[in-house]
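Below, chain A partners chain B and then partners chain C, in two separate complexes.
Moving on to the complex of A and B:
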C-alpha cells in the first residue's frame, strides 16, 4: 500500500519539475534568440572573417588567407639605427646631439614592408621598432598606457573624493548628485567640451589659464603635440570616470562597521593608522571589482579617442572601426577585433587571479 | 596650538577640499555655458574671458532651428526608449527563469550572460556589419535603420538587465511562489501577478541604466548610420555638427547643443539618483 501511494506522487513531482523546466526554457527563448543573433553569431563571424581578405563594396573575391591578417598586424622587428656620418666619416652633430640615419634605411622591405612604430635609446645606442602595421602596434601600446595611467589616477582621485564625502557635512547630498553628472553625460559631449577647453590658442581655457600663470607661450597644441596628446586625453577620461569610482568606493566605505573605528580609537590609533589598518584593507574587495570594471572599460575606449583625435592617433577600438568603415577592410578589422578580445581576456584573467575576485 | 584651533583649521582645510572637488566636477559645464552665451567675436578672442561681456542667446536659437540636431534628439528618444522597454520585457522573463526556476543548464546560461556583460562592443563590429547587411538586403522587409539600432543595442542592455533582474528575483522569498502554487496558479500567473509588481523598483533602476547606456552609445550609431544622416542619434548628430559649416568651427552652437542634451540626463539623475547609485553599486559591493 505504502509503495503504491508513493509512486504516483513521485511521478507527479517529476511532472511538475519537467513542466517547470519547459517553462524556464520558453521564458529564456526570446533572450537567447536575440543574444545569439546579435552577440554570439556575429562573434563567430568575426573569428571567421579574420582569416579572410574580405572587403566590402569591392569586386575582389573573398578568399581564405589563414593567419595573414594576424601576421600583418603583429609582425614587429627591432633594428639599431646607425649614426649619421658626414663625408669625412665623422658623426653629424646638431644641437649637441648625434644624428641618426632614418629608419627607412634599416627596416626590411621584403617580403613585408616595415614602418617605424617607435624609436628609443638604450645604452647610448639608438633603436627603432618597426612594424608592418605601425598604426595598430602604436594603438595597442597607447591604449595600454592610457588604461594603466588613467585607471591608477581615477582610483587615487576617486578614493580622495570618497573619503572626503564619507563624512557628514553641509551640502553632502548636493555633492553626491554632482558626482553622477560626469558619469551620466554623453562621452561624445564631454569630449567636445574638453576639446574646446584644450583649444590651441588663448581662446581656449587651458591656454588662457597657463598664460595667466606664466607657463608656456599661450599657443600650446595640447591635442596635436604627440608628447601632450596622452596626458590631455587621460585628463579628460579621469574627469569623467573618477566620480564613478568615488561612488563605488563610497558604497564600499558605508559597509565598514563603525565599531572597528571606535575600537581603534580606544586603542589610541591615529587617523593614518586607522586608514591603513581598517579602511584600506576592508575597502580592497570593492576597489578590486571597480578596478576590473574600469580596466576593461578603458581598454575598449572608443568615443573619447574618436572625437578628440579622429585619425591622428588611434586606440585599439578606433583602429578597428576605422579599418572597417574607412578602409573597408573587413578581414583586417576582424583580426584586430580578435586581438582586442584576447587582450581584454588576458587582463581579466590577470585581475581575477591577482586580486582573487571570485565571480 | 590648542585642540580647538587645530579642529577649526582642520575644518577649513576640509571645506577647501570639498570646494576644489565641486569646482573640478562642475567647471567644464560652466565653461560650456559661458562659451554658449558669448558672441562669436568674444568666443574667438584671446585671451578667453571667464565671464561673457555680452550675453547672447543666438547660439541656442541656432541649435533649436537645426533640423539635423532636433532629428537626432527625436531618434535618440525613440532608440533609447524602445531599447529599454524591450530589454525590460524580454529580460524580466529571462531573469525570472534564471532566478526562480530550477532546470538543467541554468548555471552555464547564467555564466554566458555574465560573460556577455563584459563583451567589448568593438569585438563584434565587423560580424554585426554582416548581419545588418544581410537583414538590409531583404528588400521586401525594408527594415528602417532605427529599428536595426534598437536591435543592436540589446546586445549590451539585455545581458546587463537579465543579470540584475536575476539577482533581484532570487532575493524574493520562495514562500511567495509556493503559496501561489498551492492556490493553483500557473508559473506565468505567479510571475505576472505576484513577482512582477514586487520587482517594479528593480525594473526602474535597470531601465534607467539601460536608457542612459543606449542614449550615450556612439560606436554602433556612428558605424551604422554612416550612409543615413536621417537616422543619426544625438551623439553622432552633435559630433557631425562641426562638419556642416566648413568655414568656421561653430563652437558656440556646439556648446549650446552640448548643454541642451545634458539637461534631460541631469533631470533623470536628479530624480532617480538613489536608484542609479543602488544599481551601479549592486555588483561591486558585497554587503
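Moving on to the complex of A and C:
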C-alpha cells in the first residue's frame, strides 16, 4: 500500500523536478554558451593549432604535424660533462677549479639538436641539461622560480604590512591609501621606473646608492648580469604586489572576531601565541585565495619581463609572444600556450587540494 | 536644365571612378601631418582620388604585428604601408611587384642600389625606398683636438684614441667618462652594430646571396671571430660594462651629457646632439664607422630606413603605387629632408642646392656612408629573419658578456642558422 501510494508521488515529483531541471538548463544556456564561446572554443582552437605547422600571415599551406611541436618544446636530456684533460692526461685546473668540456661535444645533434639549458654540479660531477628548445625550458624554469620566490616574499611582506595597518593609530587611513600606490601604477610604467633605478651607471638609483656606500664600482649591470637578473625582477614584482597582498589580508583580518582575542587574553595567551593560534588559522582561507590569485598571475607574467628583459630572458608568456609575433611560428606558439595552460592548471589544482579553497 | 543634367552626369561619372585608398603611416606628430599634407597635394592634382591617412602604432614591432594581422586576414583595408628595411623579405608574398606599375622601371635606378636590392625579392620590387638610415661614428672634435688625435679610420685607432681620451678625462676628475658607447643589448640593434664590426673586418654579412642566387651561411670565419673578440675587449675597458644592456637612447644619454668620446648611433642623434639641452652641441662631428684590419676590410654602416609598399589585397593598387611614387619623387624627398630631417633615398637629392642651403645640409656629408651601407640579411633569410637575427644577437651578446668565446659562439650560430634556413655553410 505504502509502495503504491509512494510510486506515483515520486513520479509526480520527478516530473516536476525534470521540468524544473529543463527550465534550469534553459536559464543556464546563455552562460554556458558564453563559456563555450569565450572559454572552450578558443582553447580547443589553440590546441588544434598546436598540432599544426601553421605560420602567422603566410600562404605556406598548413599541415597537421601531430605532437611534433610538443616534442620540440619538451625534449630534454641530461648528460655528464667530462673533465677537461691536458696533453699529459691530467685534469685542467684554473683558479683552483676543475675545468669541464663544453656541452657542445656532449649533447646529441641527431635527429634533434640539443642546446644547453642548465649546468649543475652533483656529487663532484658536472652535468648539463640539454633541451631542443633551450629558451622555452629556461623560460619555464625562470617563471616558476620567479613565481615561487616572489609570491612567498609578497605574502610575508603583505602580512607584515596588513598586521601593522590593522592596528589603530593616527593617520591609518592615509597609510592604507598610500600603501596602494605601487599597486595602482600601471605595470609597464612601474617597470620602466625600476629599469631606470637599475641603470648600469651612476645615474641609476641603486648604482648611485651602492657607490656612496662603497659597494661595487658604480657600474653594476643589474639587468644583464644573469646572476642579478632574477633578484632584480623579483624585487620589482614584490614592490608592486605586496600592497595587493596586504589589502586582501587586511580584509581577512577584519573578519576575525575581537572576542577571540579577549578570551585568549583572559586565558593569559601572549602575542605570539595569539598570532599562531587565532590570527594565522583564521586568516588562512583569505590567504589561500590571495595565493591562488597571485600565483596564477605570476605564472602568466608578461609585461614586467617584456619591459625589463625584452629578448634577453623570457618568461613563459613572453616566449609564446616572441614565437608568434617575431618568429611567426603559430603552431609552436600555440603548443607553448597549451603547456602554459597545463602548468597553470596543475598549480590551481594543487592549491585547491592543499588549501581546500572550494570548501 | 541641361547644365544640371551635365553636372549630375559628371558627378555620377566621378563617383563611378572615385578611387579611395588607405595609407598607414607612423605615429609621431610629424608623420601624420606630413602624410596628410602630401595626400592633399596629390588629391588636388588627381580629382576622384581619396586618400585616407591612418595613424599606425609607434614601435616598429607593434607596426609589424598590425600589418601581419591585416595580411593574415588577407584584408584590403589598408592599401599603402610604410615598412621597415628588414620586412620586405618576410612580407613579400602580401605585396605587389611595383615593377608592374607605371613609372617604377624608370625611377628605380635613381635610388640607392643597396636599398633597391634589399627590397627586391625574387626579382620583384616589393617596396620603394622612402627614407634611409645607416650607422655612423660620432666623435668629439674638441677632445680629439685636446689630445692631438685625428678622427679614427680603423677600429684599432678608435680603441687607442678612446683609451687615451678616457684616461685623460678621468685623470682630470670625471670618473663617469667613457671612451666609446654603442648598442650592446640583446636586441635587433645589436645585430646592426655587430654586422658593422663583422662586415668592416672582411667577415661577410652573416648570410649572403651568391651570384647565382643561391644562399650561403658565411658567419663562421676568422675575420668575424676577430671582429667579435675586439668588440668584447671594449666591454669594461673603453666601454662601460653596462653597454651590454644599452640601446640607442642609453648610448645617446651618455654621449649627450658629455661623458663619451665616441658613439656609434643612427643619424637621428645628430640634430638632437646639437639641441639646446645638449652638453656636446657644436663640439662633435660624424664620420663613417671605422674599418677593421682583416682581408677585405671596408667601411660598413648597417642600413636602416623605411619603404613604401602596396598590399596585394588592395582594390586600387594602381592608385596606391602612383601615390607611393609621388611621395618618393625628388621634390617630396627634398621636402621630407628639409622639414623632417629624414634622409633621402635618391642620390640626386643630396646634391640639390636647396638641401645644401638648408638646416639639413649635414646630410650631404653622409652620402658616401649611405652608399656603402650594408643590409642585414633579412631578404636572404626570409621568412625566418627575426629568428636568424635573434640567434645572431644572442650569440654576439654571449661573447660580449664573456659567457662564450667568439669561436664557439660562431660555430654554434652556424649550426643554428643551418637548421633554421637549410642553407649550406661556406668552407
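Assume the second predicted complex is superposed on the first by the 317 of 359 C-alpha atoms of A that agree within 3 Å, B and C clash if a C-alpha of one lies under 4 Å from a C-alpha of the other, contacts with A are read in each partner's own complex, and residues count from 1 in each chain.
The working rule: a residue touches a chain if its C-beta (ideal position, glycine included) is under 8 Å from a C-beta of that chain, and two chains touch if they have at least 3 such contacts.
From a predicted model like this one, the values you see are computed outputs, not experimental measurements.
Have a look at where A:325 lands relative to chain B and chain C in the superposition and call it first, second, both or neither.
A:325 sits against chain B and chain C alike.
Does chain B (first) or chain C (second) touch A:20, or do both, or does neither?
Touch partner of A:20: chain B, not chain C.
Is it chain B or chain C that touches the larger share of residues in chain A?
B
Taking the superposition as given, does A:28 touch the first partner, chain B, the second, chain C, both, or neither?
A:28 contacts chain B only, not chain C.
So, A:56: does it touch chain B (first), chain C (second), both, or neither?
Once the two structures are laid over each other on A, A:56 reaches both partners.
Per the contact definition in the header, classify A:221: touching chain B only (first), chain C only (second), both, or neither.
second
Just to be sure I read the superposition right, which of the two partners does A:38 touch: chain B = first, chain C = second, or both, or neither?
Once the two structures are laid over each other on A, A:38 reaches chain B alone.
Per the definitions at the top, what is the overlap between the chain A residues touching chain B and those touching chain C?
56, 201-203, 218, 325
Report the residues of chain C in contact with chain A in the complex, numbered from low to high.
61, 64-65, 68-69, 71-72, 90-91, 93-94, 175-176, 185-187, 240-246, 253-254, 383-384, 386-387, 390, 393-394, 397, 401, 403, 408, 411-412, 415, 419
Please output the residues of chain B touching chain A within their complex, sorted ascending.
14-15, 17-18, 21-22, 24-26, 28-29, 31-32, 35, 43-48, 90-91, 93-94, 96-98, 101-104, 106, 109, 111, 113-114, 116, 118-131, 133, 151-152, 154-155, 158-159, 162, 187-188, 212, 215-216, 218-219, 222-223, 226, 234-236, 238-239, 251, 254-255, 258, 261-262, 265-266, 268-270, 273, 276-277, 280-281, 283-287
Along chain A, where are the residues that touch chain C in the complex?
Per the touch definition, chain A meets chain C at residues 55-59, 102, 104, 109, 113, 115, 199-203, 218-221, 223-226, 310-312, 322, 325-328.
Would you tell me which residues of chain A are touching chain B in their complex?
Of all residues in chain A, those touching chain B are 17, 19-21, 23-25, 27-28, 30-32, 34-35, 37-39, 41-46, 49, 56, 160-161, 164, 167, 169, 171, 175-182, 184-190, 192-194, 196-197, 201-205, 207-208, 211-212, 218, 239, 243-244, 247-248, 251-252, 255, 285-286, 289-290, 293, 296, 299-300, 302-303, 306-307, 316-317, 320-321, 324-325, 330, 333-334, 337-338, 340-341, 344, 348, 359.
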